[in-house]
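Chain lettering (A, B and C) follows the sequence in which the chains are written, and residue indices restart at 1 in each chain.
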Amino acid sequence: MNAGRADARIGFIAFNTFREAVRDRVLYNLIAFALLMSGAAILVGEISIDIERLVVVNLGLTAVSIFGVVIAIFIGIGLVSKEIDKRTLYTVLSRPVRRWEFVVGKFFGLTGTLVVNTLFMAIGVLLALLYTAHKFEKMDEWVLVALYFIVLQFFIVCALALFFSSFSTPLMSAVFTFALFIIGSLAEDLRGFARMSHGVGGMLATAIGYLVPNFSALNVISQVAHGDPVAGRLILYNTLYAVFYSAMVIAGAVLIFQHRNLK
Amino acid sequence: MSARRRVNIVAAALLLFSMTGAMAMLYAIDGLGRSAVTQEALYINSPKVLRRLSLGYTGLLADIYWTRAVQYFGTQHHKGSSDFRLLAPLLEVTTELDPRLLPAYQFGANFLAPKPPSGAGMPGSALALMKFGIEHNPDEWRLYYNLGFLYYTELKDYARAADAFALGARIPDTNPFMPILAARMAQHAGEFDTARMLWFTTYQSTKDTSIRENAVEHLQALKVDEDVTQLEELVAKYRQQRGHLPASMSDLERAGFIHGIPTDPKGHAYKLMPDGRIEVQDPQDIYFITKGLPPGESSPQPRPAQNKDTKPISR
Amino acid sequence: MARPHGTPVDHFPFTFVIAAAGPFPSSTHNIAYNSFGDPCRSLGVNIGFKRTTMSAIEILDLEKSYQVGFWRKREKVALRPLRLTIQEGEVFGFLGPNGAGKTTTLKLLMGLVFPTGGSARILGMEMDDPRVKSQIGFLPEQPYFYDHLTARELLNYYGQLSGVAAKLRTARVEDMLERVGLMESANVQLRKFSKGMLQRVGLAQAILHDPKLVFLDEPMSGLDPMGRREVRDLIQQLRHEGKTVFFSTHILSDAEALCDRVGVIHQGELRGVGAVVELTSQAQGKIEIIFCAQAVPAGLTQLGAEARVSGDMVNAVLPEKQQDAALEVLRRERLKLISLTPVRKSLEEYYIQNMRPMEGPKEENRKGVGV
């Protein structure tokens, strides 16, 4: 029997993940919340004279980032562990679906959900920007770059959530992922600490500084809020970094999941 | 089993490959020289706002900013840049978040005021930082010391320096040099002993390697200045007695003015110039000296390029 | 499904498989190999397959133990080495109380957990061969599916995953909905489904892609009598379609009613395998004869019969090996034989007897393995 192709199955799993997520009402609530935040941004902009744009961009992009991360963790951790808990995975894996296809499909479904979600939130931010400035300026294109970087962050967060979810309980996965998000946001400082310390501790700190996800370089919110440009090479490096890092984490998740007994 | 093993091998290979790729990208991003974290200081330059944003986790955030300040200074210094614009805001944020973070004040006193490239060249910010520190830690002799040190080294305002040392000397467990420094400011401010005591106190009162290194360099420079002054005095004395300049250091030794050929802290013999001046062998080798230089040459500043250590500032 | 049943044909050197190799075998095809099931069921003895038939499942010393405990790891045996062969077209019942190792066995076969030792072949292929999966269906115990999908969407999703071609899929999904009686609720999201309805969805997804072999884990649990009846009927239908059905249950009557053979498992160990009739008669070795007489003939008593007279009939129970002698006695006495039946334990008796902690060598308990 021809069991179909791996990429087709990954696509089906991704689409199903996306559909499940979209039909989960929590997602809508969070989008509504993000829109509300953008509304608040406008209000704050009204109050703080002269820095409306600054406040709108700062608040809007921060909201996009935080909501996205929360959604990524919220759905991501449930992806594998929930399917094991509820035994939906049993029927899926009794199909001609290999375990790695399941993990990869889940990842794409999740990132797809987040990209669509970010798209909506981004429209909210841009509308708020338009509302305060009445027109788009040249420097607003850097806001799009910042949004792109935020999406790259989501890729990494999704991969991490999936990774932890592949061997841990949902609660612990959430804790681990969130902790890594915080640490990763301070990764550059961690490498700073590492450079200041010596010996084994310094080496360990350097290793950790390079291994934890590096979210700080992906955060250019304040930069673009001030209308400063983002270097082209940074865009390239960040893109490649996000791709490599997600691939690394997903490969790790596959390796673990390959050996997991689904009790 | 083989299908499963194949997946394992591919996944492991992908893991290693992408890990290498990610590390390389991270290295490249760091190499862009735009440190995201210090850039932040450009935008969030109100320490009070940041304090509110910290949601109460001021201690941790202060530590982070303190690291950023040190890293920033070290990186700029290492690059040979004279742009230290962010040092003042970073230290201000650090101390605003944790006003009791004493090393930050000391770092500020040593590196905020001196002219680039050995410092940020912002004595005003340095003074403001010290005053802020004293306001929040009135019982710390080190802060008075740092204030006096600033007045003495950068502003040459010995009266104010004396006041600061005197205030610090009243604190119970103060450093024994404090009252002495206070006393010497009035009459002996320009003397080598005073300066030496000051830098020695600086050396003693910190564990920060960069501050200590800085102090050692100043102490060495003081030694050179003192040696050169003394040697030039001896040359003048020789001339007075013999009616002509000594032709070499050996002449001075034979005349019984010196014992052995004197060397500078780096181990090089001092040179006796034909006009009777004393010069160091290599003026670029010793930082901060004011004497023993060829005519018209200014006092060299520490250049990172000459540092054997590749680490920006520490060690 | 562009090439339905394509690759594995090489592994199936039997004509009947090729006859059934259409995308979805029609019932006429299936009747052709129905005869495999029947003889084994109707005869109370181990007939053995005279033709070289295909084993649907060959389990060879499959075993599983888990490490339990956080610090001091202990080994918990979930399944002792299991050796079991199930023929094509057979309905096999895996019988045992909860926690006996039934689900572990199924999970091992599905590749959900990995064995500590041993191997298994499914439809002639190694059990972890990816090609196996497109020919088997699996219904887990108390199935649960994606909350926000409708029954139709779910079945379509599983059809996609199984590689059922888009053209066939829609029709097939509708077929299944009809078959399990969910047409009415096809567009209702599954979170609104009752347990019984989920069970039906589960059954539908297990047979959706027309597998040769269906694994059902406790398919009747949690169902009302109506639902149980329907599941029984469905299994019967599968039998008639020539599918091999491997189902686990802790309910004896289900096994008795449906299975060609049963395996009894307890505490991770297979305690006996055989046709239901065989299992229930083998241990007794006695026959019961009923004949018309006013008193017990002396000849019978000598043969060791325990007899009772009730009215003008005698009921006597004696060792099976005395059967001919006893009949000879009756003939001599010119007594009219009414019936002669082997004395059977009920499956329940057998079950209870085998649920006791094990004693004796293992070989004895493997009696009946390998039909």
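The working rule: contacts are C-beta pairs under 8 Å (C-beta built on N, C-alpha and C of every residue); 3 or more make two chains touch, one makes a residue touch a chain.
No experiment lies behind these values; they were computed from the predicted model shown.
Chain centres here are C-alpha means, and the one lying farthest from chain B is C.
Central chain (C-alpha centroid nearest the global protein C-alpha centroid): A. We define each chain's centre as the mean of its Cα atoms; on that basis chain A and chain C are separated by 48 Å.
Our note on geometry: chain B versus chain C, Cα centroid distance of 85 Å, whole angstroms.
Separating the CA-averaged centres of chain A and chain B is a span of 43 Å.
In chain B, the residues that touch at least two other chains are 3-4. Listed for chain A are residues 98, each touching two or more other chains. Among all residues of chain C, those that touch two or more other chains are 130.
For chain C in complex with chain B, the touching residues are 126, 128-130.
Residues 1-4, 8-9, 12-13, 16, 19-20, 23-24, 86-98, 259, 261-263 of chain A touch chain C in their complex. Of all the residues in chain C, the ones that touch chain A in their complex are 1-8, 66, 107, 110-114, 130-131, 133-149, 153, 157-158, 160-163, 189, 202, 205-206, 215.
Listed in rising order, the residues of chain B touching chain C in the complex are 1, 3-4. Those residues of chain B that touch chain A in the complex are listed here as 3-4, 7-8, 11-12, 14-15, 18-19, 21-23, 25-26, 28-30, 32, 34-37, 39-40, 42-44, 64, 67-68, 70-71, 74, 311-312, 314-315.
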